[in-house]
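The two complexes that follow have chain A in common; it is paired with chain B in the first and with chain C in the second.
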Partner chain A sequence: MSTPNRPPSTEVTKTYRRPIPNTWWLKKRSTLLFMIREWSSVFVALYALCLLGQLCALSKGAESYNALLAKSLSGASLVLHLVMGVFVLYHMVTWFKISGRIFGSGPLSPGAVTAINYVVWVAASIGVFYWIF
Partner chain B sequence: MADQIKLTIWRYNPDKGEEYRPQTFTIPYQKDWSILDALNHIKAEVDGSLSYRWSCRMAICGSCGMMVNGTPRLTCSTYLNEFYPNEVTLEPLANFPIIKDLVVDLTDFMDKLRSVKPWIIRENKKDDEDTSKEYLQTPTQMESYYQQSLCINCTLCYAACPAYGLHSDFLGPAAIALTYRYNNDSRDQGREDRRKVVAAENGVWKCPVVGDCTEVCPKHVDPSAAIQRTKVNSAVSWFFSALKGGKRE
Partner chain C sequence: MGLIKFIKSLEPLWWSLFGLGGAIAAFLFPAHILIQGVLIPAGILPKDTLQYENFAGLLSSPFVRIYFLALIVFPLYHAAHRIRMTLEDLRIGWLNAILPLLCYGGATAISISAVVVILRLS
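Coming up: the complex of A and B.
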């Protein structure tokens, strides 16, 4: 006989948890794009290492820097830089979009925040271009 | 013969020793039926043992969430005419343990929700007792948290979140969205209490920004934005605390 005034037991005795396959991220477009963004971080890091290598060569003098530049013009290097460029651009575009979501509120809409990112990026790129050339 | 539609429902009954398995029902198609109406038809006319949760039928209570063709949806506001003449597959909400058929165990979510103290906290406990005192807000102050206050705890965001699926210790979208809601309420003074939970390892920092939680939210709460903003607030708070030589947690 049940005890009066005792609430019914809510204890769950045997539940089933569905396994998650390693390919879970391939099932939806959003998770696939997310994984591409995550992997693009590797190319961003690689690109940063290339820049550090250039700075290191520059610090050693013109001869060292020119030798590195000559190596950079090989076919394999150009392909690598092209691939890195594509992934770095993709990484940048996704984070510009996310920054809109984070900071876009009140008078500044998410679209406006993303647009400001692009404007600053283009302005900085033009500035660097004129500074170098 | 009247139009018909097929519903494949994933079922589980541990009391009968049944494995997790699909069962297909062919039922009359009514274009104005929600999926919940179809489930009620099956329960009343075809198989009374089918288990699922529902209550309000108007997308307010958040009880009837299920995976509809792989996407977390409220079945009371999802209609058969969206899928007809194709088949509809129903599964229990993903990432939660299944109790029976379409009913999942929400104990973990309820514990997490409680841990962020989703209520207004006042530093002076006497404020809770003094019911005559008013705490006025400007429309702008209310606007800062209104969107997150629309959360109905339906847990669709948890079912959509791959981070929660892979790491069940993650605090999760709705709990963090509600943290954001109360932290941004001008009447609340409990930000520090909640910071210990949301800024911890299993808090906001476990979110890898997939954004599916926001996509599936039936109330347009945007938990993803709330999580990312909480990350920014948490980082800024930590930075100034470190500058002052405060304790790093």
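Coming up: the complex of A and C.
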């Protein structure tokens, strides 16, 4: 058996690190969906800021609040909320799926845990509708 | 960078806030966005609830104030943690050094603002 070529012991060798482009996540569908899931958090933060803006306007009085309300009832606001809603829904679906994988063991399968999450979500949504609105 | 090291040492706290915020966003945000942001502006639901007198009356309850505070604060920490983790994957040296401060510091600053706003509600 031939021995592999080895550099002389005085030579310094470097570990080769394959360059990874910043667009690595575009190469596969799974990594693309992963990145979309991660960036959905930006829209979660955006909606939290929208809620804060609403409360801030409310704290300043009727004139300020009504001015913001007029903007929030506009078509542009509707489109913005639709975009936020799509990403928040994607966050929700992936969150429930991961919850199933994390907590699904023993008597409860991952599918059962995910299904329970959806049931709780429906109940919470009905609660929000009747309690708040 | 002792401050950054200290912030990073609080990883269990950030992770817990990330989990709680993610759950709140998953369970509660869709209904709020749909009702407040889509159905009412589209005219499918009446906009009475969002009128100043009604909304101010709703927010007069301390429980509703705490609810809205939780709705704002915890999802912000969820987003802060996720954005920090995602940006760290880009391996931008100078940014990675200050990301924990930017993300968690930003979320904390906005959360404090939210508390001040809530306390200013009449």
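In this text, the second predicted complex is superposed on the first by the 110 of 133 C-alpha atoms of A that agree within 3 Å, B and C clash if a C-alpha of one lies under 4 Å from a C-alpha of the other, contacts with A are read in each partner's own complex, and residues count from 1 in each chain.
Everything below uses one rule, namely that a residue touches a chain if its C-beta (ideal position, glycine included) is under 8 Å from a C-beta of that chain, and two chains touch if they have at least 3 such contacts.
A quick note: this is a predicted structure, and the numbers were derived from the prediction, not measured.
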Clash or fit, chain B versus chain C on superposed chain A | fit
Which of the two partners, first being chain B and second being chain C, lies in contact with A:67: first, second, both, or neither?
-> neither
With the two structures laid over each other on chain A, which partner does A:58 touch: chain B (first), chain C (second), both, or neither?
-> second
By residue count, is chain A touched more by chain B or by chain C?
-> C
Would you sort A:101 into first (chain B), second (chain C), both or neither based on which partner it touches?
-> first
Once the shared chain is lined up, is A:15 touching chain B (first), chain C (second), both, or neither of them?
-> first
Which superposed partner A:119 touches (first chain B, second chain C, both, neither) = neither
Just chain B (first), just chain C (second), both, or neither: which does A:128 touch?
-> second
Touched partner set for A:78, first chain B, second chain C, both or neither | second
Does the superposition put A:38 against chain B (first), chain C (second), both, or neither?
-> both
With both complexes placed on chain A, how many Å separate the closest C-alpha atoms of chain B and chain C?
-> 5
Name the residues of chain A shared by its contacts with chain B and its contacts with chain C.
-> 38
Any idea which chain B residues touch chain A in the complex?
-> 12, 14, 20, 70, 94, 97-99, 105, 107, 143-144, 162, 165-166, 208-212, 215, 222, 224-225, 228-229, 232
Listed in rising order, chain A residues that touch chain C in their complex are 22, 35, 38-39, 41-42, 44-45, 47-52, 55-56, 58-59, 62, 65-66, 69, 72-75, 77-78, 80-82, 84-85, 88-89, 91-92, 95-96, 117, 120-121, 124-125, 128-129, 132-133
Of all residues in chain C, which touch chain A in the complex?
-> 21-23, 25-38, 40-42, 45, 47, 49-52, 55-56, 58-59, 64, 68, 71-73, 75-76, 78-80, 82-83, 85-86, 90, 110, 113-114, 117-118, 120-122
Complex interface listing, chain A residues touching chain B | 12-18, 20, 24-25, 27-28, 30-31, 34, 38, 98, 101-103, 105-106
